[in-house]
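In what follows, subunit A forms one complex with subunit B and a second complex with subunit C.
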Partner chain A sequence: MDIKFNTEKKARAFVAQIDRILLSDFPHKASESALNLVRQFFEDQLARITRAGASNDRALLERTCTTTNQRIFEYLPILGFLLRSTNTRNSFEAYYAFVEIAQALIGSGANVIFSSEWDFSPLTYPMNVGVLPEYVLLGMPSSESPNALVLPLAGHELGHSVWRNEQLENKFAPLAQDEARAYLKANWSNFIHAFPEHSHVQSTDEELSNNLFLNFVVSNIMQIALSQMEEIFCDGVGACLFRQSYALAFHYLLAPSLGGARATEYPTMQNRANFIATLGGVDLTKHGFADYKSEFSDLIIRMPPREKFTPDGADAIGVKLAPLMYSEAQTIVMSKAGKFAAEQSAQPGILNKFAKGLPAREPRSLPDIVNAGWAYFQSEAPTFQENERELVEWISELILKSIEVLEFRSRTKNA
Partner chain B sequence: MHRRWERCKPCVITADAEQVHNRDYIMTNHHISRATRDLAVEQSLDAAIEIDEIIRGERSDSPHLTQLVTSLIGTGRDVGSARKELLANPQFSSLYHRASMLAGQEDRSPDENDILSLLFLIDKAGLSQFPPDKLAIVRDFCLGLNRELVSESYSRVPEPAMARSRHPRLALAYGH
Partner chain C sequence: MLDCAELAKKLRLGNDADPDGLAIVPEPDIDEIEKGGEASVTLRLGRWFVSLRQSSQTYFDTDIEQAEHKNEAKASKHYFVPFGDQFVLHPGRFVLSSTLEWMKFPPTLGGYVGGKSTWARRGLIIETAAGIHPGFNGCLTLELTNVGEVPIKIRPGMKICQIFLHAIPNGKISSGGLLTGRRRPFLGKIKPDPLLKSLM
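Now for the complex of A and B:
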């Protein structure tokens, strides 16, 4: 069959899959409304295929079919995410608390979809998804779904939505561009070593503006640097919101490493750990880490110069601009969601309750509860008798019950 | 290696371009964000479909081309300086020239390759003022843009706190 027939068939199958998922019971309306938006997006794809099919231009039809194929490829995992958001494995107790934080940070229209994912690392889907601009998709690893101590890592994923909502890519792009050009000029001999076929080119401002290959290199360095800056900013959001519990959850899940080489769009783990420890506003030596950074390791792969040049540039820019990213995160979080950010003075009262086996009575925010949970966990871990129940299970129950108290208090206050 | 990677030759402003010298263009920010690039996947395709329909005499305008030009180029300032600034922007310049590389375009004259000026002209005068061969150039450019943006979207993955390596290798890009 021809590509038009096949692509229509695949798009209709995708829509039919959405219709089946829509028959599910949804604990929160956001998943259902997101599915309907995705459904409309694919109905529009079908209309495009029909219009392109009426043309004599083969390239037009091919591009239309390729676009639909790519969107199916891109959105099928998101359908899975939306389906899994209905699963009872999720920590639904924390849902409302995250909605409150997301709406404070992003706006009252923000929708949160929480899911336990079959992916070890917490994740969000790229918030460039034009179909779901006001949705925050928070995926936590299913194996850790009973563990409330890892909830702070959702702060990083929230950061991606803040980055988009505040249009920080646009804000910092000129700076990243200047830094990329400066890096190229300052490392010109390395560039020529990596790309000897361009040895006749001079590193003048005119060449940097007019030479297309140099433009391509600068654009690549800038793009990867912006990705790193976004990741650093997201760590800043997590650290500013949750303070020490972000660092502790980050360490729990990711230290010493996951074994492979990092994506170059991310800073090295040691750099990220260093930023959290030095820019995150918490003295981690008081939380059991004499040298937090050294808890993490990176697999260093020797790359040929032409593959290494671009990520090296992005790494240098990421390190240079990390303080600015943390400062930006701090400013945004404190101005928009300061009342939810962790407060050290709020922790002892909650910790006292936990020590008595009770949930918090008048918790102020989710981060305060989780911080007290981590304090309890760290103090009890050496002696806790796990014959009857595990410590993580016990403290998670106390944390989640406290978050329910928080929700009750917030709802009754807002009622 | 294709010579266009070597140097971006000064683009030729055609006589028609002088008609738009008074038109102003505003570019609040040259950077095309990831969100804008993602939206432009369908915008560029819709613009190509609409232009194709104009060529076939089925319509006379392309609202999606207007949206696309606004998203990628901006509106309202002096054409000459806007053009210069856009081509000096590495991100725009890289995307623009990659999008221009559709099969067969290597044989076109410098004037025909100056799609940016053509876009400025179209934005000013409207699509109905242009013959089918010029419209076909813009349609093909939109398809080239769609190709580049879909390619980027394809390599995009969920954003975990930690990710495996996934970035395209510069050394292998376009066979260079």
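Now for the complex of A and C:
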């Protein structure tokens, strides 16, 4: 069988899979519309293969088939994500509240897909889905889907969409490049130690501009630093929207670490925790953490100097620019979606209802509800008798019903 | 049975979190109840549905043991229907749903849930286990059946049922604990019955 035949087969099978998923019961229409967009994208791929086959250009056909293979590889997990958005284990009551926040942050055209992951970390989902530019994909780990206490982590994923929508990579790339060059100059002796074959090079501005290898090093540091800056910004969005419940959910899910070697595109866990604690706008000592950062650990792997130099540079830039990233997140969130951000004064009233076994009567926002939920959880956990019911299940009932009441009030306010 | 004035009083107490009041969230229009003259509180349909589906399970056994509840879970399918959307109940079909409202009864109140005549006359049966015990907490599970001959579209948020309340003078004991509340319909557990066991 030739590659054209095989690739067409695979693309058609992909479209057939979409058609089967489209037969599902979709609680929210966004998943269905996303599937139709992906379907159209693969119909277009099939048309491209047909055209390439008719051209008698073998190189063009190979490129087209490779691209199609690559897209099947990239989009198959998206299909799984869309299919899982139909699963009733998800905390669907929170959907509307997230749509409101997403539309405030990104624009009225924003679509939200609320699903679950077969991947424990909700913070690693590839967010750049080319065919779905206006879709915000919020996925909780499937085992935690019914747990309303982890909802604040969706704030981080909203952050990725804000980063893209505000074109912050373009905005901060020049700064990241300047910082990468400054790092290289400031750590020149380490550079020479890592790359002794370049010891003849001088760290002048002229060399930094003209020397191809130095350009390569600066570019690598810059790219990793930009990834870290995006992650820090996303934590800033989550922390600004949810305040303490972001820190508490982050700790619940990820402390002390997920093990294994760190991905350098992310700041270290300790750095992230430190940013959340010091820049997140909440005194976490009041929420049970004398030293939040020390709750997290990172596996230190000894690396040779030439492998270590680039991530060290990115880490240093991440640390230096973290206050700017949090400030940027704060500015955007408060100017566009400030009315949804947590207010400490709103928590006691909701907590009082939870303590009486009732959902919130007139909640103001999703973050207020989840913050009160965490306060209840923290106060009850030491003495809660789980033989009758699990605490997380019980508080999730009250949180999710309260979020439903929030939606009910929002939809009926002008009735 | 409580009349409209007494109902309104209990609901206002509930709004103020008085332990003798009836708390309903989201709360009904108390002024409307007070002036309306009806001796009931109308409740709305929630968004979760549970249907029983055909599966390898051949029956529900009234002597079910705890371990067999997994089979019940296997035989049920959950649906979430957003506001603005609908669930179609076909003739002869049975589905569990719940009230949109979360309620907390004081020990001094009990009651019954009943259908709305508007729907009953079109074949929609709302509830067959109608008693609400003092201390009930959570959303009421409704057992919906279409006994008519025409499919019925039901929509979350629609007025679906009504509760009638009875005072329990000097009531101090609640049937359930604080932690019994549920927001979704559920099949519930069959309680062990030693007497039945001894008869078998």
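As a convention for this text, the second predicted complex is superposed on the first by the 402 of 415 C-alpha atoms of A that agree within 3 Å, B and C clash if a C-alpha of one lies under 4 Å from a C-alpha of the other, contacts with A are read in each partner's own complex, and residues count from 1 in each chain.
The rule is short, and it goes like this: a contact is a pair of C-beta atoms (placed from the backbone, for glycine too) under 8 Å apart; a residue touches a chain by one contact, two chains touch by 3 or more.
Not measured: the values here are computed from a predicted model.
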Partner chain(s) touched by A:Gly139 [first = subunit B, second = subunit C, both, neither]: first
Touching partner for A:Ala102 - first (subunit B), second (subunit C), both, neither: neither
Which superposed partner A:Arg361 touches (first subunit B, second subunit C, both, neither): second
First (subunit B), second (subunit C), both or neither touched by A:Phe92: second
Which of subunit B and subunit C A:Leu400 touches, first, second, both or neither: second
Subunit B versus subunit C as contact partner of A:Asn352, first or second or both or neither: second
Subunit B versus subunit C as contact partner of A:Val333, first or second or both or neither: neither
Which superposed partner A:Ala34 touches (first subunit B, second subunit C, both, neither): neither
Touching partner for A:Glu265 - first (subunit B), second (subunit C), both, neither: first
Overlap of subunit C and subunit B interfaces on subunit A (superposed complexes): none
Residues of subunit B defined as touching subunit A within the complex: 1, 4-8, 29-31, 33-35, 37-39, 41-42, 45-46, 48-49, 52-53, 56, 87-91, 93-95, 97, 102, 139-140, 143, 146-147, 150, 153-154, 156-167, 169-171, 173, 176
Subunit C partner contacts - residues on subunit A that touch it in the complex: 25, 27-28, 88, 92-93, 95-96, 352-353, 356-361, 388-389, 394, 397-398, 400-401, 404-405, 407-409, 411
Subunit A residues within the subunit B interface of the complex: 44, 48, 51-52, 55, 57, 59-60, 63-64, 66-67, 70, 73-74, 77, 119, 121-130, 133, 139, 153, 156-157, 160, 164, 167, 169-170, 173-174, 177, 180-181, 197, 209-220, 222-224, 250, 253-254, 258, 260-266, 269, 304, 306-307, 309-311
Sites on subunit C touched by subunit A in the complex: 15, 17, 23, 25-27, 47-48, 78-83, 100, 102, 104, 137-139, 157, 177-183
